[in-house]
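Listed next: structures, encoded as structure tokens.
There are two complexes below, and they share chain A, which is joined by chain B in the first and by chain C in the second.
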Partner chain A sequence: MSLFWIVIRQLAEIEAMATSKKVITKEEWEKKLKDVKIRKEDMNKLVMNFLVTEGYVDAAEKFRLESGTEPDIDLATITDRMAVKKAVQSGNVEDAIEKVNDLNPEILDTNPQLFFHLQQQRLIELIRNGKVEEALEFAQEELAPRGEENQSFLEELEKTVALLAFEDVSNCPVGELLDISQRLKTASEVNAAILTSQSHEKDPKLPSLLKMLIWAQNQLDEKAAYPRINDLSTAKLEDPDV
Partner chain B sequence: MPTPASSSASASASSSHRRASSDLMVRIGSADSEIKLRALRELKNQIIGNRTKKLFFLKLGAVPAVSCALVQAQAQAQADLLVQSAAALGSFACGFDAGVRAVLDSGAFANLVALLSFPDDKVVDAGARSLRMIYQSKLAPKYDFLQEKNMEFLLSLLNSENETVTGLGASIIIHSCETVVEQKALCYAGVLKKLTSLLEGSPSQKDASLESLATIIKKNPEAASKFVSESRRALNSVIDLSKDRNPRTRLLACMCLIVIRNTSPYYLQDIGIKTKLVYLLLELLDDPGQVGEEASYAFSSLLAQKEDLQKLAFEANAIDKLHNHLKKHSLQPRRYQGILLALAELCSKLESCRSRFLSLEALNLVTDALSHEVADVRTAACICLRSVSRSIKSLSAGRFMKEMIVIPLVQLLHDPSTSVQVAALGAVSNVVVDFTTAKSTFLQCGGLKLLVQLSKSMDPILRLNALWGLRNLMFLADNTCKEGIFLELTAPSLSSLICDPEPFVQEQALALVRNLVDGCLDSIEYVFAEDGIILDAIGMQLQSTSKAEIGIQGMYVLSNIASGKEIHKEAVMHQLLLQVNNGTQAFILKFLQSNDSQLRTAAIWTIINLTLPSSPGASSRVVKLRNAGIVSQIKTMVNDPCVDVKLRVRTALGQFMTVGDGST
Partner chain C sequence: MTNNNSGSKNEEEVEVGSYFLEVARGAHKKKEEEMAEDTEDEESPTELNTINSSGGFLVVSTDKISVKYPSVNLHGHDVGVVQANKPAPVKRLVYYFEIYVKDSGAKGQIAIGFTPDNFKMRRQPGWEPHSCGYHGDDGLLYHGQGKGEAFGPTYTANDTVGAGINYASHEFFFTKNGAVVGTVYNDMKGSLFPTIAVHSQNEEVHVNFGQKPFAFDLEDFEKQERMKQQMTVEKISLPLNVSHGIVRSYLLHYGYEETLNSFDMASKSTVPPVHIAQENGFDEQDIMYALNERKTLRQLIKNGEIDAALSKLHDWYPQIVQDDKSATCFLLHCQKFIELVRVGALEEAVKYGRIQLAKFFGLAGFEDFVQDCVALLAYEQPRESSVGYLLEDSQREVVADAVNAMILSLNPNLKDSHGCLQSCLEKLLRQLTACCLERRSLNGDQGEAFYLHRVLNIGKKC
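Presenting the complex of A and B:
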């Protein structure tokens, strides 16, 4: 993260000099940036952190071999985590639950909210597949006791069961529960919980670096005109508007 | 929730469910290890996260069956079976005390410990995780740190490469380290050093280490100074962790810092860290989960008995923030209780806090909490009310003697929970002091009858607090009110409370009589009711007691009586000289020679009132006092180290001269 502090310090210096809006040309800017030194290893670590957190296990393995960067987590656990995520994304929630429990039985035992969301997703899948009786039995046997333990679970359960009352779910006010986005939401919740249980940050560092870049640019905008990065995907330096 | 399934359908569903479950139990006992393994895994998947299922399988006898499978697998070193059975037992023990008890009863504990030395890492992990679950319960067996081999084992856990195993070591410390001797043993075995190094470990190791450190340092100044002086970095690491990204880590770091500063007067006393802790905890209160809940308790322990911190918290707008939390609907009981207790702590000393609290109309919210369904919340509401009603200003304004507050409070005197009753009595005691309006609101809603009833309770703590309430109700009360209380209480039961087996009850009863006979002359008559049994009880108690507090209250009663008419004064003389005639030392001499200056003051006041020159019998009483050796005792006290005593002694001696026969 040292790159950022260097940039920010420079920004601060610029700020101190400028009373009115100062203009910095592209040439000046590039010269200044050239003086900033970034270690290759740091960049590699950031890339590895991104691959590992996002679960690109094959890419991480290749990158490890090619760049010699050691991941901060056992790559085998990524495979397990990705299998769980994939299972939820494709609607095999029961399978996902069993896999999480094999990975670490404590995750679902100490995280009632996540456990409830997985069970709720299971119920949603049963309803999606038209297994009405099974869905009802499941709601009663597995989910109702959780609702008794927690008021907000009860409300969510009521919403989910309401899906059964509509012939045409496209008209149902809670129809969005059947969207694929609901699966993705549940999957990312499980993913984050597994990462936390492995003492790993649940978000990659790269996006927060980019967020800091945008924040720093916004701060600088008030003081100076300079070559801004508008398109993060190309990181192209735009000419300052004078 | 709508219940669309017909009752017959659900009945058949649950019976098929029952069949499947007993089939599962059979498979767990199977001789085929493949079937057994699948069955154990299935059981584990059914119970994880599911309290209902845990209870259900517990009743089916699953725990002994799994623990039997564990023992068999151990004999044959079958790693897969070991992992699954240990995980299932761990889940039974997770957050579920009945499960912990069953696992302990099944005898699996020792087998789980044995897993820690298994060569397969997965097995070690499963064993450590299950043991940690057990150690998170109060039911876990106490770990004896004082045995050398146990300490070695603990250190081996803390030194392990495996994170779950170090976590287990920390859980054992948090569970079992209670006494100063145990804290010291851990310090000198090098545990502090090890825990300090874990502060730099993984997130879970940081948390475990912070909590263990707080356990070892709590109320042990030696451990605190050893921790701080052992390495410069140690304390700084904890301070750094109070800025960690993870809110739980921030909370645990704050709790550790609070323990250190509450334990030792030398560390973390500067204004910077105090302010930081106040702001950090107020911020953590906003966390919607367990961290927010715990933060209020940590906040209370930070503020407890510390006026400077209460002032800082006040300046940080703590009252408003807590009030905002209190306004939220459907608060979880534990959070509700924590916020009320934090407000109680905040209002315990400073008038500025109390008046801010009252100006926010927070009183209504606390009054609502008096009738909450959970006993702990009711208790906390009473404690908060007691704290706020210490405000003499608001008491004088009659802010608390309102039906809205008094009626629910009086109802709580009936509460089935003793701790609620005690807390309610505490609040009642303050509220009834009321200087202005008649104390009638309280009497009208039946409060007096209940207080009197509770003063006869079997529980001495209830008797104590009920008497306290009555004593304050009696404080500066008018004669009608006093008469009402006296008639309800009656002379015989008052005299038996004076002779209560518990000294602290005796003291309160005497203090009550002191308020009874205070003020107008008529009220002195009360102690002469029913042939003076109250006065006799007081005399008896004063003769036999060895407690200065009891002597003080008793002597002020006598002093108040001695300020009355001749007949009253003679009755006091009778009590004072009773023992002289029996040949034993009179209690008045004992009190005049006491080390407690307050007791000496109270005793000398009685003598002054007895020998006021304006009263006709004064000179004959001086003669009697001289004959009993009391006058000569007082003469030895002219240079008493306590100014108050010295002054009263001189007054008394002056009076002896004035009324005396000249032989002084």
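Presenting the complex of A and C:
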């Protein structure tokens, strides 16, 4: 070991003693990493779970053929689910509602909040297309009764109807409802509800694991100085801070 | 392709080959490891310790799971205390055990708690430093001194009382008839033994170390604790589309070309479209290399068509199969042998083994694996034997991954020679596991570690 690295290590140890942190060199850490057992088939499952939950049907099918990994859900149901998601994302809420009921009528029955949000989206689309009369009728007949049952529904309904009060919607305080992000939010909610009804977790596991990595490193930082991964997309190990 | 730096290239080839040889050899330990993961190599209490109990004062049943206090007690130093035969295991989220009070005797002076190794076995748990006990006669918690603090209800005959250690929150907790009555901070270091005590005439207590179902829903409790941690973790934010990028680089790394093409196409039409900026750090040049060839070879190997794979390698990458004694060639020849055994062509397998495998006997690093392969011949039902693991698909996968990595290592633009061994995802998962293990180890080894296999299967249960 060159003199340079010896000095670096000593500096690290002095620093660590000051803060009473354990110092782990890159060599020691790489040995620990090597001892970890990660099975290829488990990684394949993780990737398949991502493809399936996010709705990449064709990719999931190809992955099944190329890797021999079985999807944890029937691929046919993904196509249906994606059709619903896409309908909401394109603003065709009526179509989406029909499709959800075809898939499983219980989903909307057991999910009043989801149903309200879909109806709300319908209202937003009517307002967006300038169909003022239809929008008001719809709000009064379909949404107001729901608003009476539930305070937060009422507040959201009032916010939505407020859109009608403004000529220039791009500058009004509730303008964000017309943003595409609102459609995406609703689409995501529907997607999650369908997955849950199929007894599948609504979120892919991979992002949680990445968050867990960030969390685990932050926790370990309190007690040790060790090589960290700061860039998830490259997984490069950075030398421990000196 | 010109071979500029033949010296270092050979080193890399050797490194890649031997890396996967290790993986292949490690496979037969899989089952044992799965077991070790579950129990973490830790023993659990199963019965009461009759050797160090306060012999004169209490009587332990022959099955060692119940105690009685036969005589009349006289003072504070004739408590009948008994510990479990093993200390509470620590490498888990929670440890828990229960007692059932069969008879509360004259005064109901029963206690449940935790005590250290050298505890004075004539004192109630909690009355001495570094011990804790929940007492039935007064419902108080004793935590290292003779005076207790208000804690929970009293308990008596026909009550089921439990005591547990929550390693996530560093707390002791106690239950009565299935409901938690209270918690107290656990600052006690060192091994802790589940302990029960009886102190008045005719008291009788039965203990349950998990051999029978608990009155308390421990599984649900653990689930709630895990969810608490999960909720903290979920709040962390990730860079945009990072998961998408990692999946993509995984597909590229291992050569899943068709999947990658479908994935890319679908990504263009998602709302909003996923756009991976080059600055995200994905070195595409490195892993786009020879994508089609790698895909083809993987398919051949996954189908067991080793001869075809070898032939293609001769055509495309002769340098990989040049040295017949290299780890890569070894893995390919072994796989061919395994495929012959799989279809029952035993005579052909023997012939092949003589030509291609015999030379590896006596070579350190290759010997045990080749022995396992040849051992397949000894069994009528090789799949069920101890070397049956060789016939699993995962074995073909290792060979396919080895060939894949060898080809990647030939990339003239390769910046990082280690990059071809592990995908980005693998590196991240290893780091996650190592960090969790290190953190636990710095914490007195208490708590759960991270195991990918376990996480993937938790989802299956629900």
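Some observations on this one:
As a convention for this text, the second predicted complex is superposed on the first by the 223 of 242 C-alpha atoms of A that agree within 3 Å, B and C clash if a C-alpha of one lies under 4 Å from a C-alpha of the other, contacts with A are read in each partner's own complex, and residues count from 1 in each chain.
The rule we apply is simple: contacts are C-beta pairs under 8 Å (C-beta built on N, C-alpha and C of every residue); 3 or more make two chains touch, one makes a residue touch a chain.
Model, not experiment: these values are computed from the prediction.
Once the two structures are overlaid, the count of chain A residues touched is higher for C than for its counterpart among chain B and chain C.
Residue contacts after overlaying the shared chain place A:128 against neither chain B nor chain C. By the touch criterion defined above, A:151 reaches chain B but does not reach chain C.
Of the two partner chains placed by superposition, only chain B is touched by A:140; chain C is not. Contacts of A:199 after superposition: both chain B and chain C are touched. Once chain A of one complex is fitted onto chain A of the other, the partner contacts of A:164 are limited to chain B, with no touch recorded for chain C. Counting contacts by the rule stated earlier, residues 199 of chain A appear in both its interface with chain B and its interface with chain C.
Within the complex formed with chain C, the residues of chain A that make contact are 22, 24, 29, 32-33, 36-43, 45-47, 49-51, 56-59, 61-63, 65-68, 72, 86, 89, 180, 184, 187, 199, 201, 204-217, 219-220, 223-224, 226, 229, 231-235, 237.
By the touch criterion stated above, chain A contacts chain B in their complex at residues 97-98, 101-102, 104-106, 108-112, 115, 133, 136-137, 139-142, 144-147, 149, 151, 154, 157-158, 161, 164, 196, 199.
Per the touch definition, chain B reaches chain A in the complex via residues 1-5, 9-10, 13-14, 17, 41, 44-45, 48-52, 87, 90-91, 94-95, 129, 133, 163, 202-205, 330. The part of chain C that touches chain A in the complex is made up of residues 26, 30, 33, 230, 232-234, 236, 238-239, 242-243, 245-247, 249-251, 254, 256-259, 261-263, 265-266, 271-272, 280-283, 295, 298-299, 302, 393-394, 397-398, 401, 423-439, 442-443, 450, 452-453, 455-456, 459-460, 462.
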